[in-house]
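Below are two complexes that have chain A in common, paired first with chain B and then with chain C.
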Partner chain A sequence: MPPDTLRERITDYANRADPYPLYAELHENGVTRQNDGSYLVGTYHEIAALLHDPRISSDSRHRTDPETVPRIRREGQSMAFIGLDDPEHDRLRRITMRPFGPPHTPHRIDALRADITRICDELLDGLRDKDRIDIVEEFAYPLPVTVICRLLGVPQADVPRIHAWANDIIASLDVTPGRIGEHQLNAGVEAREAMAEYLGDLSDRRRTAPSDDMLSALVHDSGPDGPLTRSELMANATLLLIAGHETTVNLITNGTLTFLRHPDAYRQLRDEPELMPRAVEELLRYEPPVHLLPQRTPVTDVEVCDVTIPQGAPLILVLAAGNRDPLRFDHPDRFDPAREDNQHLGFGSGIHSCFGAPLARVETQIALNALLPHLEHFQLAEDPPPYRRSPILRGPRHLPITRTSGT
Partner chain B sequence: MSGEPWDGRIVIVGASLAGLRAAETLRDEGFTGPLTLVGEEPEPPYDRPPLSKQVLLGKARAEEIGLPRRRKVDARWKLGVRADGIDPVEKRVLLADGELLPFDRLLIATGTRARPWPNPAEARLDGVLTLRTSEDAARLVERLDAGPRRVLVIGAGFTGSEIASACRERGLEVTVVERGPAPLVGALGGALGAFAATVQRAHGVDLRCGVTVTSLTGRDGRFTGAEFSDGSRMDADVAVVALGAVRNTEWLAGSGLAAGPRGLACDAGCRAFTMYGIVTDDVFVAGDVARFPHPLFEYQMLALEHWGNAVAQAEVAARNMVTTGPRRRPHLTVPVFWSSQFGLNIKSVGVPTFSDQVVIAQGSLRERRLVAVYGYRGRITAAVTVNQAKWLEHYQFLIETAAPFPPTTGAANGIAPAAPVPSDVPDPQLLSHGPTVALTGHLPDRRLTLVPPGPVPSAIPRP
Partner chain C sequence: MQIVVDLNRCQAYAQCVFLAPEVFELHGEETLMFMPTVPDDQQERARRAAAACPVQAILTGEQAGPGEW
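For the complex of A and B:
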């Protein structure tokens, strides 16, 4: 098939369950110009170089054709750091990191371990007598949502509203804007605004009645860069809430699916849970939660693999393809939970490398270690399972498993 | 040949970072023979970078910084014993306790030691310290805990600057004396040196550049102050001599190896040269004591005092010790080091002293967040980041591919780079206390003037 239709084919929902043959085509073709004028890169070393290249912007305002960017907010609203370049990106990310991780808050994630373990145990207790379980609805989704809400300070009672908004936002994030309707786009923008307003109001309440959560820390922070403005706080807290929602669910679900497809690895990890940290890294390589980064733009002509990507063109980095690049990983299509030298692109790399990675790692390690013993007498009800629409945040919409007969 | 690993007796002299990682790699490579590690310090291998940072700030104790082990090495550890020489003919290492350790292959990883204050009587004054070992760090912490009225730091290289930073963070008065024009100038050149001076002064350091200490004064054996070359003097309770490192090669004087003040020369596969420039096949070198040719820097011999180099070179040396022929690998990694001081995270890739120009490619000195890129005759040879470490990999790629200098503009951060300026690095031919990366020329041993006709000299009298 012609390489200039790869983007169409990757976006095609029919290929959602197994995009990997398309990624192999990307490996063969180097940098490929698509018939819509965008450029796809799916080889490891080129992606890694572009992720570190200061000539590559994450700010969609550098696009020559603004119509190639999904509309996510109205004019005049603050932007989250994921869509900005240094030094603005650096400033916002730095301030947001202060109450989240080292050096200023080295224990925030570690302190969540007991909570995460307890939430896992409660969820699994509820599944004990069931013969059919949807891993997504009953485990992989509620866990990270509960954790990110607790971390930020969203009360449990408000979680269903957050859930509804997050669904609308994700539905509007299609890699090809033409493919989704105006209605869906507007629903996404409105949901993002509603979520931001909600978080703005919540942070106002934390200003007068602080708690031990991250929003309280953000509004009361007095670092050298000063606090975030209310508008900045709304945009960036929204980012954290969505990212905390929609990525770890894929990682846990993909992990469950992968272990059920690989019985040897399943038995090994069930019996030796101390091997889980490395296995999670392999999951991040083998079935990453984020398959591609659609928002990059060169600010000047950039040559990659003898192809000149023109200034302002849409540049799409297919992280999941880089993770399967045979020039970087031996037997890239093999799931090897003990893989060494596994510097995958599951969390990206460079200045935009995943902000929440430490939390995602801890959550997934604890979740899979808690879940594996419960899967002993279960099998996949459908293989492949039904997938969500998004080719970006790729993962099963449901993962039904059933108890095997004879137990 | 078969896939069987090489078999024989291996001795590693030097039981710090490079020695430990080499031992682990030997076992990873399948070496099952007898392995002995000799270390002069009594402690098991520990991590040195925290000694001038977390340990001085009381965030970690000097005894608590043991290096994490990658695996069991099943070795005989001779700790607290120094090696006094090598008999290259009988292939034995002579230890200070009289033991003769026979080897089939030897790894030399004896590293460096702190350069002592040149006047021995003054160096013995109570309160005059150096900082290289965990014992040194424990002593210095004790002095800092006692609340000295002023600390004098002699030398503003990385170690001296980090000590000064820790002192200021603890609220102690500190004077730094640097004979060069600015702190860090030996490693980073004039532009970033001037920046470092501004930062130090902004943090309350009494920084005196272009000045040397002419004498340390004492009363009743206790250090009380110092006199400077500009005629001034000052009182202080503690002096830390931070004049760089001396390579531990004296014990190799009679070994016939190409060892001298610049280190022990080896080839790209970590095999030591003899003083005749002939490569050995049973003596290997790794870590701070090694000088090795690097293709990115015109095959000049590089001497690196870097944590990362010690690890990478030890891994290559160990692998090459137990393999032969085309399975051997070269040590080609691009030098990388870091420092944290005065709230700044400084990282370097490449060799900043191998440069004629420098440009601030991203950020600015004013923001204290920047990427400085160094060029030599039109190609990029190094980059230094200040609080911008995530950009380092990009510049490493540019260095590895000999990309043109100055780097392309149009950086996503929107700030047009300034024009390149001279990098003002000191003459690399001079042995300076400043750089932790030293270009040391092309010759295995520049002291070589005479070819003796007799047998290979030996440190050990044979019976």
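For the complex of A and C:
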């Protein structure tokens, strides 16, 4: 099929369960201009180079046609650093990192381990006597949601509200604006505003009554860059909350699915849990939670593989295709939990590489180590499982598993 | 257990500092320091950090001193 329809075909929900043949077409065709004027890149070395190229912007205001970016906020509101370029991106990321990780707060994530382990055990206890389990609803989703809320300092009682807003926001993110209804888009904008307002109010309360959570540290312990303004804090805390919700769920679910599809790897990891950190890296390569980055724009004409990508054009980097590029990885379509050379693109690369990666790693390592022994007498109820709509945050919507008979 | 970080490869992503904060330390924003002999109670963390290093800059060995790498 013609390469200029690849974006359409990747977006087509019919290909969600198995987009990998399309990604192989991306490997063969290099940089391809799509019939809607966007450019698609799916080869490892080109993606990696573009992620380190200062001529490539994450700020959608560089788009020639603003209609090519989903509208997610109203005029006048601050932008989160994922959609900004340096030096503004760097300043906001640095301030936000201060209460989250090294050099200022090296222990916060490590200190969450015991909590994460306990949450996993509680969730799994609740599943002990069931014959049919939806891994997404009953394990992979509640865990990261609970953890990110605890990290930021959202009280447990408010978690259902956060959950509902996050659902509306995610439903409104699709790779092609116009494909989803105006109604859904507005619901997404409103949910993001409600979440930001909520976080603004919560941080006000932490200002007067601090606790040991990250929001308290953000409002109280500012470093050399000074504190975030209230509006900046709202935008960036919202980013953390959403990113903490909608990605790790896919990694845990994809991990479960992949182990159930690969019984040898399953047995090995169940028996040798210390191999899990490397297996999680392989999952990030083989079935990454974020399949593509739809928001890049060249600020000047950029030539890649003999194709000129014009200034202002939508540039889409297909990370999941780069992860399967045969020019970079040996046997890219093989799931090899002990793979050594594995500099995958699962967390992106360059200045925007995932802020929450250490948290996602810790959560997923603990979650899969805790889950695998429980899967002993279970099988997939459906293969492939039903997928979420999004081609960006791509993962199963449900992962039903059933107890095998005779046990 | 001994560890060695290939500092030519290390890009100061700090994944190791998150995962094993008693073993690795970031001085300023880009200088990585580490404890070459890992205390017993930190070995599992150090192994997790080695597995997660995006550029595989951390080498671990049970008895090897730096010279052997």
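Throughout what follows, the second predicted complex is superposed on the first by the 407 of 407 C-alpha atoms of A that agree within 3 Å, B and C clash if a C-alpha of one lies under 4 Å from a C-alpha of the other, contacts with A are read in each partner's own complex, and residues count from 1 in each chain.
One rule holds for everything that comes next: a residue touches a chain if its C-beta (ideal position, glycine included) is under 8 Å from a C-beta of that chain, and two chains touch if they have at least 3 such contacts.
Owing to the predicted nature of the structure, the values given are computational and were not obtained by experimental measurement.
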Partner chain in contact with A:Val362 - chain B first, chain C second, else both or neither: second
Contacts of A:Ser353 with chain B and chain C, given as first, second, both or neither: both
First (chain B), second (chain C), both or neither touched by A:Thr300: first
Touching partner for A:His52 - first (chain B), second (chain C), both, neither: first
Partner chain in contact with A:Pro87 - chain B first, chain C second, else both or neither: first
Shared contact residues on chain A - chain B and chain C: 353
Chain B contact footprint on chain A (complex, rising order): 48-49, 52-59, 62, 85-87, 90, 299-300, 349-351, 353
Residue numbers on chain B that touch chain A, as the complex places them: 361-363, 367, 369, 388, 390-391, 393-394, 397, 408-415
Complex interface listing, chain A residues touching chain C: 101-103, 106-107, 109-110, 274, 277-278, 280-281, 340-343, 347, 353, 357-359, 361-362, 365
In the complex with chain A, residue positions of chain C that touch it: 13-15, 17-21, 25-29, 44-45, 47-48, 51-52, 54-56
